[in-house]
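Heads up, the next two complexes both have chain A, just with different partners, chain B and then chain C.
Presenting the complex of A and B:
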C-alpha cells in the first residue's frame, strides 16, 4: 500500500505521519510511507489544506490530522 | 481520556442533540460560579484580600478558568461550524466573482473556514488556479489568521463584547480594503513564474455530508488541538496580566502608549511585524496594558499587526510571491492597521 503524506513540515504533518506509522504497525499492515514536502508536487494532487494523505494515488484526506478511526479504515482495505 | 470507557466517549456523537443541550447547561452553570469561586479561593489563603497580592491572585483565579471555559466553548462551536466550510467550498463560492463583493465574501469566509498557516501556500495556489482574483485571495489570507475565534473570544472575555465586535469589524475592514487595493494594483505578474504556469482547475467541491454526530467529533478535535496547544500561553499571559494588574502603577504605560504620543501607533505596528505569537499569548498582556492607560487604538493595532503580519508566514509565501508583491502586501496591510489605530484613538 503506497501512502503519501503531503505537507510542508508543520507539527500537524509530523503528527499525521507518526499516527499512520503507529496504526500500520499495530495492525501489521505493510505500507510504503512517503513524505511529500515539495509544493509543486503537493499542488499536483489538488490538495489545498495540509496535511493531506494520498493512498495508492488517490487523495483520501486533506486538512487537519486524520482521526485514528479514519486511518484504520484506510488500512483495513489492504491485503495483509 | 483513555480512562473513560469507550461507550461513554462515543455517546456525544451518537446522541448529538441531548449532548449539546446538556453541555450548554453545564457550561452556563460553571460560568456563573466563577466569580464567587475565585473570591472563596482567595479568602481561604493566608493573605490580605485588599493587598496587591490579593488583587493579583483574585484576578488570576477568576480569569484563568473564565478564559479557559469561554475558549473551550467557542472553539468547540467553531469546530462544528468549520465542518460546514471547507477551503474547497470557499473557493467554489469565490471563483470568478467580481471584486468588491467578492472581497467582502472572502474576508467573511476567512472567519469560518478552517485555516492553518502551513496551508497558506497550497490554499493560495488552489484559489489562484480556480480563477479566484488575486485581491480576493488576499482578502481571505488577511482575515483568516487575524480574525480568528481565539482572538475574538479572549477579547470578549477580557474587554467585553464591544471591543470584540470592534476588532471583528475593523479586522474585516482591513482585510476587505487591503485585498481590494492589492487587486486594483494588478500585481498578477509578481506571482512566481511556476505558479502562473500551473494549469487552471475547476473549483470542484467534494461533498462530504457529515452527520451532526461527526460534527460534534470535529468540535472535540478542535478543542483538543487548539486549547491543548494554547493553554500554557494563556496561563502565563494571565499570570503576567495579574502581576501588572496588582503591581504596576496606573499611569506607567500611559506615558508611552497613551493617546498623546502620536508615534505610538506606527511604532506599535512596526514592533508587531516581526513578532509572532498566537492570539492567546498576547491578549492578556494587552489587557493589562489597557487597564494601565495605554490607548485602545494603539493596543488593537499592535495586536492585529502581531497576528496578521507574521514573519514565518511571509517566509512561506515567498515561495509563491515575488518580493515586490510581498512588500506591497505588508505595506498595504500595515497601513490599514495603522489607520485603524489612528481612527480609533481619535474617535474614542
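Presenting the complex of A and C:
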C-alpha cells in the first residue's frame, strides 16, 4: 500500500505520519510511506488544506490530523 | 474537518513550475490588463491594501469555493503578504486548469519596500507577526484553508 502524507512539515503533518505508522504496525499492514513537502508536488493533488493523505494515488483526507478509526478504515482493505 | 473536502480532487495533475513575477512587473502587467487577485484575509486587507485600479479580493479561506469566479481569458497575478499563500493559490488555480496565472513574489511587503502605492497603513505590510500559518502571515480568525485546518 502506497501512502503519501502531503504537508509542509508542520506538527499536524508529523503527527499524521506517526499515527499512520502506528496503526499500520499494529495491524501488520505493510505500507510504503512517503512525506511530500514540496508545494508544487502537494498542489499537484489539488489539496489546499494539509496534512493531506493519499493512498494508492487517491486523496482520502485533507486538513487536520485524521482519527485513528479513519486510518484503520483506510488500511482495512490492505493485504497483511 | 478531518474529511475529504466537498470538492475533493480525484486525480493528480502534473504541474509545471509556477510563473513568478516581481512587484515591478506586476505593476506593469496590471496596467496592461492583468487582474491582481489578493488572497489575504479581509482583516489584513482592511489594514493595508494594494492601491491599484482593479484588485479582486479572494481570501484563501474562500478560494476553494469561489475560484470559478476568476476569469480564464485574462492574466491573473496572485498576491498576498509575503508571496507564500499566493504561490499556493497559483498552483491551486493551475491544478484547476488556469494557464494564465502567476505569483507575485515578496507580497505586499516587497511592494511597499519598492515604494509602490498602498491604501491604509503601509507599516502593517512589512510587520510580520510571529504567529503564522503554513509559514505565512495569517492573523485572520478563520483557519479554513490553512494548514491543519
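The rule is short, and it goes like this: the second predicted complex is superposed on the first by the 80 of 80 C-alpha atoms of A that agree within 3 Å, B and C clash if a C-alpha of one lies under 4 Å from a C-alpha of the other, contacts with A are read in each partner's own complex, and residues count from 1 in each chain.
In this section, contacts are C-beta pairs under 8 Å (C-beta built on N, C-alpha and C of every residue); 3 or more make two chains touch, one makes a residue touch a chain.
Just so we're clear, the structure is a prediction, and the values are computed from it rather than from any experiment.
Considering which of chain B and chain C touches more of chain A, the answer is C. After overlaying the two complexes on the shared chain, residue contacts for A:60 are found with chain C alone; chain B is out of touch. In the overlay built on the shared chain, the residue A:10 is in contact with chain B and with chain C.
Shared-chain residue A:46: touches chain B and chain C both. Applying the stated touch rule to the two superposed structures, the overlap between the chain B and chain C interfaces on chain A comprises residues 7-8, 10, 12-13, 39-40, 43, 46-50, 63-65, 67.
On the chain A side of its complex with chain B, the touching residues are 7-10, 12-13, 39-40, 42-43, 46-50, 63-65, 67. Those residues of chain B lying in contact with chain A across their complex are 86-88, 91, 114-119, 121-123, 125-127, 129, 194, 198, 201, 217, 221, 225, 316, 319-320. Across the complex, chain C is touched by residues 7-8, 10-13, 39-40, 43-51, 57-67, 70 of chain A. For chain C in complex with chain A, the touching residues are 1-5, 8-15, 17-18, 60, 63-64, 87-88, 91-92, 94-96, 134-135, 144-149.
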